[in-house]
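Each chain gets a letter, A, B, C and D, in the order it is written, and its residues are counted from 1.
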Amino acid sequence: MGATGYTALELIKLLLRHPEVEIVALTTRKEDRPHVSSVHKQLTNRLDLTLDNLTPQQLAEKTDCVFGCLPHAASAPLVMQLLEAGIRVVDFSADYRLDDPVLYSNWYNVEHPDPERMPNVPYGLPELFSESIKEAQVVANPGCFPTGAILALAPLLVDNLVESDSIIVDSKTGVSGAGRNPKLGTHYPECNESIAAYSVGQHRHMPEIDFVLGKVTGKNVETIFTPHLVPMDRGILTTAYAKPKGMVNESELIERYKEFYRESPFVRVVDHLPATKDTMNTNYCDVTLRVVRGRIIVISSIDNLVKGASGAAVQNMNVMYGFDETTALI
Amino acid sequence: MGATGYTALELIKLLLRHPEVEIVALTTRKEDRPHVSSVHKQLTNRLDLTLDNLTPQQLAEKTDCVFGCLPHAASAPLVMQLLEAGIRVVDFSADYRLDDPVLYSNWYNVEHPDPERMPNVPYGLPELFSESIKEAQVVANPGCFPTGAILALAPLLVDNLVESDSIIVDSKTGVSGAGRNPKLGTHYPECNESIAAYSVGQHRHMPEIDFVLGKVTGKNVETIFTPHLVPMDRGILTTAYAKPKGMVNESELIERYKEFYRESPFVRVVDHLPATKDTMNTNYCDVTLRVVRGRIIVISSIDNLVKGASGAAVQNMNVMYGFDETTALI
Amino acid sequence: MGATGYTALELIKLLLRHPEVEIVALTTRKEDRPHVSSVHKQLTNRLDLTLDNLTPQQLAEKTDCVFGCLPHAASAPLVMQLLEAGIRVVDFSADYRLDDPVLYSNWYNVEHPDPERMPNVPYGLPELFSESIKEAQVVANPGCFPTGAILALAPLLVDNLVESDSIIVDSKTGVSGAGRNPKLGTHYPECNESIAAYSVGQHRHMPEIDFVLGKVTGKNVETIFTPHLVPMDRGILTTAYAKPKGMVNESELIERYKEFYRESPFVRVVDHLPATKDTMNTNYCDVTLRVVRGRIIVISSIDNLVKGASGAAVQNMNVMYGFDETTALI
Amino acid sequence: MGATGYTALELIKLLLRHPEVEIVALTTRKEDRPHVSSVHKQLTNRLDLTLDNLTPQQLAEKTDCVFGCLPHAASAPLVMQLLEAGIRVVDFSADYRLDDPVLYSNWYNVEHPDPERMPNVPYGLPELFSESIKEAQVVANPGCFPTGAILALAPLLVDNLVESDSIIVDSKTGVSGAGRNPKLGTHYPECNESIAAYSVGQHRHMPEIDFVLGKVTGKNVETIFTPHLVPMDRGILTTAYAKPKGMVNESELIERYKEFYRESPFVRVVDHLPATKDTMNTNYCDVTLRVVRGRIIVISSIDNLVKGASGAAVQNMNVMYGFDETTALI
């Protein structure tokens, strides 16, 4: 659902490689039924489908599983109907990521149409929540910034090694994170050869990071989140700064992270400083740590369209259906 | 007039350095009277003016000279009124570049409102038309692609060295050439890390190149013009291919070009292959020639916003008012 | 062989997806035996091999098939030994692309060590030479620019539709085409935000294009080849200009191309103007044609590291071993 | 001195616009006496000088003022000789930025040859040290990162508003900051489309920031400095995080900054979030502040080659010679 954007394109490319999947329908709210290859020229000769304005009921007749690439608020009402029809859903929107309807409406400026379900939908990071994802009918695919930040910080917080109320998360993203809708801020001559912070203290991924880290650790987590727009297509580098509660040792921290992610095939705890190019077009998240003047710096790198969106969605589907977690992703 | 775009911004920055110029007014068709520094943040603290929706009459009361940064068709009617009020004008639009109203309406799909004046307005390339620019009340500032192509080819055609009916002009431009209005094709993740041809055989600069080269040489000139969009902010590289009428020698051609442009301070005939970076943020046009398998290849480089637009406009104003041609431009 | 560069990295990534291939050894002429993931950080946790300085004999004991990613002149002597040991080879170097040792030594400034074999080694474009590739023990993997140019021009020349002695090939490549060795010309602040032509009339891919097109058509083909360096990682756009011998029709030409490449899964004859982004990270070559003022313009797009190098190598291997031609490539 | 790099090129372009300056000599340690336009093609026809291997004595005979663009350790011995010969010097190297020879040798791994002079050389930020710059025979031109960080943080520390021992400075720089010497890390296909941190906790600009902020405030300042390499030519964005000692108010902080920099023509305290494009090719530093969850975030933007290097050098020279501070810089 919602096949015109960048996450849909990336998802289609991944699913075309998946041996257990057949793509049977693509939807759009537009009415002119364009062929997918006219919307995404990269798909020429690769997929012979039009984009149709299908109802959830029509979708339910065609498929077992739906990927929802719609914006928040537009997504939940359709997800509700799909679930009723017995379909399993991976939802890219923010609608089921938080579990508190008040927090949701404060940040998204809209009432949540399905508040009771919110606490029961697993957050789609298999590295932390694979047990509940396995059984779920619907999974909330994570936001791109939260993916990089949560994977970077979870082990520190789970082990209770750092103060949880003043973590700084300085993130840098490529421009595809802003979506495919042309705006002045993403017009090439405006953002090329320039870096700037945006939505400082006001980005909706800030409460998402706090909520998920709080859920994992049982503590109140409060981050200061500063996203920056970088002149490149893809990639998120997260540089997080945390204050340790006691003495810490850089190499022991790295070892602890390797242990923590031992069974997570897509988290690579590395000794070198990650670059977004190392994870570009992959589902990997590279992480390392440094201790500088008594502060812990955690740096992580992902591709915002893969591990930060469509790759994670396929990974979630693999877990939901009992396929090997890495199918179509390596 | 029309101060919200990239050529206006570049023009303002150049004029702020010009010792003989004071900027007294900026216009827009919008009604909210924004301060120039909210439209162009680069100008913060540098120019204290709002953008106002002024009539030509209001403008005429404030100034001696107007730079028109409006699109074709929108420009001529206002230029006509300014001229009537005794103002001198440098017009960035295409409205007075051609001298034939039929050719104009064929390519621009609109009737020309001021056809009689067309043949009397000089084309604003001082390298070729400085005598008529000196005396002119209005000058037609050249298109960006034509500037690079005409300066590259004029000496060959003036000397009658090449066939004039099958010249190939393969041009490559930075994205600012497409203007400041956001569209899908200039959305960062669409055009970054990609090069493509566009408007092949249909670009309005093709008849402009032909017309001006024809005017200079008295011959019928016909080019095959292929523009390409390159992932960079600024710059036009033109690679032109011409068939010589007789034997040609590379170093003699380069010497001839040096002679031809001896009194043109902004044309640098060089021995090395020009890169657009060498002319970036300058009013220079770098040119060189190569002979390969009996064909002449001429390569020129300009900055599309400076020599291809606002720098040329200041150069024209300098010539019109008898200032040193290079004032504010070096 | 020669696993430190960009073509080797791309090849490894493709082969890791190939169900019929196991990578058993990587070579380098360096002596410190680095792990592949220290040379290519993208391969962390993906391949557990060191780079070793192995002789052809040592290689022959480990494998059936070798991909040679060495520069010209360094490659042929090793290929000769591998062939003697019964190994099949896909050679990325230029050593076996031409069939004339004199032409080779004129352009490469070195005597060819294996001149007798030259005419018997098929040129590795399966779109044109699949029959001989099937049976070959060694295949000459094509140059990146020739791939784009030959696929663009072959149908026109095979059908004898254009003059063969004055074809202009204006090509634009991303910077990875220059290899991984740092030089001033590929230093980021030198080539970023700039486009320039280089090696005009002197590039070694010019005789390669001529030779292969001549071989396909039986005619003497002479192109004027102008490569340009574009500020992007990957991709080659080729804009070729040819003079038709008679009347031509744009849509008939496109139909003829579709017919010509009907059985070539990686050539997509399209109606729209190709962008390199459409073929980025794929083995596709997109092609279209336009007729402007009686000239034919053919435009093709490839990824220089995939269809222009490592993807083509895997495609050749697939043909050599009877695997499906698209295995690991879609 | 040292005219082959990017800071020298930028300096020459600025000085060519300076009405009080004539450039009389350029030096290099190379012996082949290249013309400046062969080293910097942008300067073709603009400056007719060769680069010569001149001694300080030879320089002293030609000029009153020398700009030293040499690396640390190479610079001080030559500066000493120039000062002895009565020449005034703006030194781009780090040799006179710190005042403690032990701190210097700890970070630069070399004994300082001129330790007595160190405490007497003013740090070339006229915004903070104009009085001593006026009288100085030699000025230590600041490092690029320190310029952005110090201008962002000085008012907070001078007013004693924040804790001084745990300030986080997360900086992002364009690639020209790495100099003109080609290396793998600045090879286009390595750093394009990628962002990464480097030298975390080990960059020599960290003690420089601490030292200068400490000098301004009389306190012990300790920052955690994390530089990142961004795929763009120029610009440094600094995002600094400080813990206030008491209650703070965002708009009051911005007002206080406006007051602090009231007489600094190149610091623009703005309300919007700065982008490096707004200061590109200018000597401006744009600064703003935000308060998020009780933390102060200060964001500054400069052009690393102008305000971060050559523009600052011209500004220092203007102050030293009593010219208007903005001459040649606006």
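The working rule: a contact is a pair of C-beta atoms (placed from the backbone, for glycine too) under 8 Å apart; a residue touches a chain by one contact, two chains touch by 3 or more.
Keep in mind it's a predicted model, so treat the numbers as computed, not measured.
Q: Among the chains, which is located farthest from subunit B on the basis of C-alpha centroids?
A: The chain lying farthest from subunit B is A.
Q: Does A-D or B-D have the larger number of C-beta pairs in contact?
A: A-D
Q: Let me have the rounded angstrom distance from the C-alpha centre of subunit C over to the C-alpha centre of subunit D, please.
A: Computed value for the inter-centroid distance: 46 Å.
Q: So the centre of each chain is just the mean of its C-alpha atoms; given that, what is the distance between subunit A and subunit D in Å?
A: Taking the average C-alpha coordinate of subunit A and of subunit D, the gap between them is 39 Å.
Q: Give, as an integer number of Å, the spacing between the C-alpha centres of subunit D and subunit B.
A: The mean C-alpha positions of subunit B and subunit D differ by 37 Å.
Q: Hunt down the residues of subunit B that sit against at least two other chains at once, touch-wise.
A: 174, 190-193, 231-233, 275, 277-278, 280
Q: Contact residues on subunit C for subunit A in the complex?
A: 16-17, 41-42, 44-46, 193, 268, 270, 272, 275, 277-282, 284, 286, 330
Q: Hey, which residues of subunit D end up touching subunit A in the complex?
A: 166, 168, 170, 172, 174, 190, 192-198, 200-201, 222, 224, 226, 228, 230-235, 237, 239, 241, 243, 273-278, 280, 290-293, 295, 297, 299, 301
Q: Going by the contact rule set out above, which residues of subunit A touch subunit B in the complex?
A: 6, 174-176, 180, 182-184, 186-193, 231-233
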